[in-house]
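Scrolling down, you'll hit the structures one after another.
What follows is a pair of complexes built around chain A, which joins chain B in one and chain C in the other.
Our next item is the complex of A and B:
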């Protein structure tokens, strides 16, 4: 047999694949998402919530999923000195990349809207569709947040849908625990 | 026979600079429970290099070219073409490796498979799928000799996500039944055994793997697989346990998985003069390296 048929270069093929550029799909910037979710707002007051271990445990206990980071950046949407609600940007794990999304929450803890800022997965680009995102509108912590009951699953992107849905619930918990009375 | 040099293939891929990758198959040997969505097509190319029987020289390369199609969101079918390349010399194993053999990639068999997803690991918290496959083979993958083989394999794949999918566990159970009839070898030296009576064989597989996403798109893990073969006359005929690390990279359309599999333990039949007492080297080798490439259309 010719030696070439056992060529070790076969095992370098992943490098060829890996060397190919990742085409990021960034759809919205933070300011653009803010305008879409709070069109009536005139300003956004930024602050950073810092969580200690005990607070992260409380979030996990209430949300059912862990708070991966020790910080959460939030913006208070304001108009003429009045709070219209809270704007939060978060990242959750997709199949291979992080999914960046923004949530608008009313002062009384109701989801006003969800926008996808960045989505890079093979399947499930429909998470950007308004029809899918609309299922989050009006959700509160009184809802179950069960995939296919509260929010429809997207075939081939189940993990992404699940993690975005769980992420929205976690942000509602963050709102309840740390922002509701702010 | 003309081959496309693998290095040329790698360069071609580089030159194409296709958008990098993404999808399943976090492991080389054990399989997850997920299936393709309805209407989606995925193409795979596997290469498995098997080497070292502890004596003489033994190297084999298995190639598997596969296309999968999602019939529904829970049911997928696949078809694959298997090829074999082998180079063995200086080792004769009675009944298994009758003579030196050397050739490049040649067709070895075809396989049709179906996979049904009962539970989704992301939606139902615990994933479970079943696979059934039929294979027709024309070459013995161990010796490279000609034979006719019909094989039926069925298995269950369990999958569980932890840490929102950052950590993935899979577990597999499999059962394989095969009918085979070897073709006689002309001019075989006296005293070398090569049975040509039809044989039935049953084998079981049990495997598990754990993979951790350490960076976006990158997974590192480990997997272990125990295989046991049974025959009517002797019961448990031979068994082996392989284990090793796995590296996976996935992007938007392409993914790649590389696994090094080393035989840790084995038992059953041994060849005359085998020095590794605790390995199964009659059919298996000490080492395997598997590369899988996938492309989502």
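Our next item is the complex of A and C:
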């Protein structure tokens, strides 16, 4: 159905130019993501896996992507002493994005869900700046739900989520090599 | 009144859903389930998707979901009405170029036409060995279906942004920016009860950026013009499809053609040459 051009003024209102170099959103805190991904869990037992160089090489060989850090924090989701699976938090630092995400993995190595905790999109080196790392520090959703402030309502060339999917693949390898029961 | 928003990696990009209403959390779940179902049906990359099975069916009718029938019919109608500037049967050419994966089967024609797509109430069939690729409009349709899911779940307002295909509904205005090639953000305006989509056509010889993998090919006599093409429409599938029409149309006809097909070209995308 064609519409005359003046109709469109109802759908796209003029907007003052806001200097908004940062398109950033925090969606979930770690505890919020844990409850969302493992609604039946009663507790989350935290542990840190430490990898030596040989283990990092094994992860890379199996996942095809580099294990950037020497350790990975994981949480075992539990209910009445039973393991419901594993919860892991990871970061992607790409050319255009800095993303923190959480993955839930079942005891037998299936991805139960992926949630983005924090999304920063920018250009150039800004994402590597330490200031960018102040993510999900005890904020609640209500604190930062402001439509007109730093919300990434961006249209444009579509940014690939491949970095995150590669990260999920790597965490599945970490699960298989270090957490799955033989 | 609850307001929630959340983001998940889906449809090859990052999908943000926001909802306002008494059951905002359930509404978000319903919207994401809808988008995940769209991904399962219409992904070209996934050899097991309904779309890939249709492409591999060798001209036999394939039972498909009614939403797939609806999308194929909309796509074929727009192919006809745009004189082929929009074309969803170019999967063969994209496979040849290495942009899309080859799932095997007999070699495909580089491109086909609207008549190659036949549909019945719950089936579809390709009359010639073409490969249908629904990428952009599938993303738009996923957004539109997820908006329905949000509403049915009681959301009074909300929005979905699937990697730049975005739609807002209800009593809400959404400030929208466009990401330019140099990274700066151009304000497009405050979107209300409508959709915006953009497609980027790289300059000839430009090195491809795996972060922005989009690829568009047009009819041989109307190659897409480099730039970012942004269209406003009432639905996301239409906005996305019309970005392709805008990119391939002759400059003199461009705005009028997009308008006649139910959209509005927001910004001239063409790079200064």
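Some observations on this one:
Simple rule for what comes next: the second predicted complex is superposed on the first by the 114 of 182 C-alpha atoms of A that agree within 3 Å, B and C clash if a C-alpha of one lies under 4 Å from a C-alpha of the other, contacts with A are read in each partner's own complex, and residues count from 1 in each chain.
Keep this in mind: a contact is a pair of C-beta atoms (placed from the backbone, for glycine too) under 8 Å apart; a residue touches a chain by one contact, two chains touch by 3 or more.
As the structure is a prediction and not an experimental result, all values here were calculated from the model.
When both complexes are overlaid on chain A, the residue A:166 reaches chain B alone and has no touch with chain C. Contacts of A:177 after superposition: neither chain B nor chain C is touched. Of the two partner chains placed by the overlay, chain B and chain C both lie in contact with A:95. In the superposed model, A:120 lies in contact with chain B only, and not with chain C. Once the two complexes are laid over each other on the shared chain, residue contacts for A:28 go to chain C alone; chain B is not touched. When the two structures are aligned on the shared chain, A:155 is found in touch with chain B and with chain C. In the superposition on chain A, contact of A:66 is made with chain B only, not with chain C. Comparing the two complexes, residues 1-2, 5, 10-18, 20-21, 23, 95-97, 122-123, 147-148, 153, 155-156, 158-159, 161-162 of chain A contact chain B in one case and chain C in the other. Interface residues of chain B facing chain A in the complex, by the touch rule stated above, are 3, 5-7, 9-14, 16-23, 34, 36-38, 40, 47, 49, 59, 61, 70, 73, 85-87, 102-105, 120-123, 161, 163-166, 213, 216-217, 247, 249-258, 289, 291, 293, 296. Those residues of chain A lying in contact with chain C across their complex are 1-3, 5, 8, 10-18, 20-21, 23, 25, 27-28, 94-97, 99, 101, 114-116, 119, 122-124, 141, 145, 147-148, 151-162, 164-165. Within the complex formed with chain B, the residues of chain A that make contact are 1-2, 4-7, 9-23, 65-66, 92-93, 95-98, 120-123, 147-148, 153, 155-156, 158-159, 161-163, 166.
Across the complex, chain C meets chain A through its residues 3-10, 12-14, 16, 139, 159, 161, 163-166, 172-180, 182-185, 187-194, 196-200, 210-214, 228, 230, 232, 234, 259-262, 264, 266.
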